[in-house]
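The structure that follows is given in the form of structure tokens.
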Amino acid sequence: MQFTAKEISLLLNGSLEGNPEVKVFQLAKIEEAQEGALSFLANPKYEPFIYTTNASVVIVNEDLVLDKPITATLIRVKNAYSSFSVLLEKYNSIKLYKSGIEQPSFIDPTAKIGKDVYIGAFAYIGVGASVGDNTKIYPHCYIGDDVKIGNNSSIQSGVKIYHDCIIGNNVNIHANTVIGSDGFGFAPQTDGSFSKVSQIGNVIVEDNVEIGANTCIDRATMGSTIIKKGVKLDNLIQIAHNAEIGENTVIASQTGISGSAKIGESCIVGGQVGIVGHITLAKGTQIQAKSGINKSIEQEGKKWGGAPATTFNNYMRSQVVIQRLPDMEKKIEELQKALEKLQSKSS
Amino acid sequence: MQFTAKEISLLLNGSLEGNPEVKVFQLAKIEEAQEGALSFLANPKYEPFIYTTNASVVIVNEDLVLDKPITATLIRVKNAYSSFSVLLEKYNSIKLYKSGIEQPSFIDPTAKIGKDVYIGAFAYIGVGASVGDNTKIYPHCYIGDDVKIGNNSSIQSGVKIYHDCIIGNNVNIHANTVIGSDGFGFAPQTDGSFSKVSQIGNVIVEDNVEIGANTCIDRATMGSTIIKKGVKLDNLIQIAHNAEIGENTVIASQTGISGSAKIGESCIVGGQVGIVGHITLAKGTQIQAKSGINKSIEQEGKKWGGAPATTFNNYMRSQVVIQRLPDMEKKIEELQKALEKLQSKSS
Amino acid sequence: MQFTAKEISLLLNGSLEGNPEVKVFQLAKIEEAQEGALSFLANPKYEPFIYTTNASVVIVNEDLVLDKPITATLIRVKNAYSSFSVLLEKYNSIKLYKSGIEQPSFIDPTAKIGKDVYIGAFAYIGVGASVGDNTKIYPHCYIGDDVKIGNNSSIQSGVKIYHDCIIGNNVNIHANTVIGSDGFGFAPQTDGSFSKVSQIGNVIVEDNVEIGANTCIDRATMGSTIIKKGVKLDNLIQIAHNAEIGENTVIASQTGISGSAKIGESCIVGGQVGIVGHITLAKGTQIQAKSGINKSIEQEGKKWGGAPATTFNNYMRSQVVIQRLPDMEKKIEELQKALEKLQSKSS
């Protein structure tokens, strides 16, 4: 892809300074950009690079004042960062555009396929499944029987979605993630073995959700495991059966949510956190990375840390003291000796 | 699928009260059930719902006493919960029944395929591999050269089993799990680089094992990594080379077992636990979620927690005190001052 | 495969004692070996097994002195362990040799495919991608558009490599690992939702890297996430966008490296470690398993532990004291009482 400075300026409704015909064919950071690159300058810290960059075109804030001559063509806009973000998105939507049905793929004759879809080679679409308009199913995806996927969603290579699960609109699921595997439910038997409890529920992923790579969301034993609107899940996360993740909650990598836990809306959960089953986290709860949450949190909007977790402030104070523990222990011994000396003196 | 109350009652050997001809076509919790649903009531806590449920048929314990009229047809059985479990299992075994060999799939001419198997599209079965009777290999599975899989097993979509591994009967492996990848073994070289130690062993998964999604079990350097009869592994677990998991042991999600560790039989290991290499856990050991086990546990049937772990009681007591640490530190300072005052007085 | 003792002895440049014509067809540990097995004895601890082993051929150090008759044929070499390693490698390179292009596979006509490659059935090679000489792409791999893979690399079944990523020579990536999925970047909006920040960078994996199974390496927002020469990554690891892992660094299973973190060369990071974003770890840093690193480490070659981490010695001392905390608390109370008693006496 190749654009002139003028084309970009028109797209961003910016004002152009320099050569309008100069062409760019890649995006780069201002400090690393080469000739032919489009870059941006938003953070004043990076201003010196405007004089040394090899970028051919740089998007800048409209009020930028230059005190030396520069070689790049400038496009002045209200907000350079958000204009650049718009360009990135446009760039990716053109670059990653795919459509059509590659062969060989396996589409059961009973499946319903929307308009303008992409279905990659070796994708599998089961009995009664449906795929909405403008949705992309990349190679090696498994869309089980009766799965429903909405419009404008993107299911990356190797994602496996078990039967009966429901995926909304504008959902993006990254490679090799598994949706709808059996919940981990077993009934102990008298001989020490365990018998499987059949898992007949499903997973519902609502609109505008993003799910990272190699993440697992188990189906409910009965009913649904639910990922609500706008949730963002990172890579390698475990969501157990019957859990519910509230609207616009963000969860970082390698965190595990146990069975039937209910995470409120607009929570922020760090990486490698563990949350036990059957508890509830209030709206706006924030959890420090690596914490273990073993009871419900009822007050909204608070920050927690530690394993088991306490309020963040308490956690931070305890952590600091822990590192002084050996000294504390020594001091106690000294106190004891001093006291004994005093005692023997006074008796 | 659709059944009459009478058919279900006969199947469960129950006694029927109400309309024997009413039809059900789905399973639901009593509090959520709609018309056409079959539900159950086992826990007395849920008894009020029997009067308000929209379920068409409810399975109840034979001794349930009603004090108001109800609309649902009842099926009275000895144990409503276990009868319902039986139905769930039957339901799933009908619903998930698959057989035949879908095309395109890749089956090496030297592979041995049993009777009544299902082999999904895009499944790959290597040189000399064998698949037992009634076993299901879902789409996108990779069954490496000389792998042996027993009867009545179910290998979900995207599972990768490397060459020479052995999978027993009635084994269920969930999507995108990897069995038999190389153990993590490297020999340090004088120039600071590492040279790979070839991993020529395999993985043996015995009968009645269930393995979750996106879990990894590495092959042994030499010999075998062994998952014994009846073991249940959750999602995203790491089992390193030459480890051994004892019969009927249950391990929760995101736990890691290091190389050559031997976990005894009937152990219960929580989520996000780490177990170092070359140690042994006695039969019946229970490990609290998020713990780190860095030495062998020799006494059977004990509960441990913490990182590094201590006995569970000790761990719980320490955790409670940790949260009082800042207060403790303050108290020590006060003691010191008081003592100094006394000392100056007495001198 | 079957070899005579003589063939092996010639290969290792060893000296043979016993029957040169005895045949071996498998490799085994000396204590478990059966007839037809080749084994080795390097560790003096295992010397008694030389008299009882059923191995047909045993490789031993040249200076081994026997004090009883044995049945196995011996091959004496300078270093039995490294000679055996050489054999293992040779064994695996013969055993795992694959070449040719299996059908059906999907290779875009614009892709460049080197000499003597293996491309498994159901592999997908996108527009403009290239695969170097002697490289193996196993079944179900997804090689996205414009991906470049070097020579002598091995991409195991189900690996997904997104567009534009670059993989070097002699790289080994295990099954179902994902390279180049989107970094986890979202901009908060005023209505509480998050808008995706397009991720247009890539991942660069340099030469001689090994990556385990089900690991995730996210692409950079802009620029590259970089895995340098000789790095060894275990299974289920998370490497976030724009991170950089230094030459010859080794990272164990289930560890997470957050965005823009820079890990120095020759570091050793244990399992289940978490490293926060935008920090730097000095060359040769060693991190204890399960630690949490929340600030940069500037001194080279030091060992750290804990969450948050301190120097390893400090961490170990604190851990020991933590287990004595309940006793410490009791002692403080006793001191307080004794002091009060003294105070009342002295007043």
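Each chain carries a letter (A, B and C) given by its place in the written order, and its residues are counted from 1.
Everything that follows uses one rule, which is that a contact is a pair of C-beta atoms (placed from the backbone, for glycine too) under 8 Å apart; a residue touches a chain by one contact, two chains touch by 3 or more.
The chain lineup, named per UniProt: A, B, C = UDP-3-O-acylglucosamine N-acyltransferase.
All figures in this text were calculated on a predicted structure; none of them were measured in a lab.
Colleague: Could you name all chains that are in contact with chain A and with chain C at the same time?
Modeller: A chain counts here if it touches both chain A and chain C, which gives B.
Colleague: Please report how far chain B has to rotate so that its Cα atoms sit on those of chain C, a copy of the same sequence, as a value between 0 and 180° in steps of 5.
Modeller: 120
Colleague: Chain B and chain A are one sequence twice: same or different residues at the contact, by the over-half rule?
Modeller: Shared-number fraction below one half, so different.
Colleague: Please tell me the distance, in whole Å, between the geometric centres of chain A and chain B computed from their C-alpha atoms.
Modeller: It comes to 25 Å between the two C-alpha centres.
Colleague: Mind pulling the residue numbers of chain A that touch at least two other chains?
Modeller: Residue numbers touching two or more other chains: 104, 122, 140, 158, 176, 214, 236, 254, 272, 322, 325, 328, 332, 335, 339, 342, 346.
Colleague: For chain B, which residues are in contact with chain A within the complex?
Modeller: Counting only chain B, the residues touching chain A are 27-29, 32, 85, 88-89, 91-92, 95-96, 102, 104, 120-122, 138-140, 156-158, 172, 174-176, 208, 210, 212-214, 230, 232, 234-236, 247-248, 250, 252-254, 265-266, 271-272, 289-290, 319, 322-323, 325-326, 328-329, 332, 335-336, 339, 342-343, 346.
Colleague: Help me check something: in the complex, which residues belonging to chain B touch chain C?
Modeller: The contact residues of chain B facing chain C are 104, 106, 122, 124, 140, 142, 144, 158, 160, 162-163, 176, 178, 181-182, 184, 186-187, 192-194, 196-200, 214-216, 218, 222-223, 236, 238, 240, 254, 256, 258, 272, 274, 276, 292, 307-308, 310, 314, 317-318, 321-322, 324-325, 328, 331-332, 335, 338-339, 342, 345-346.
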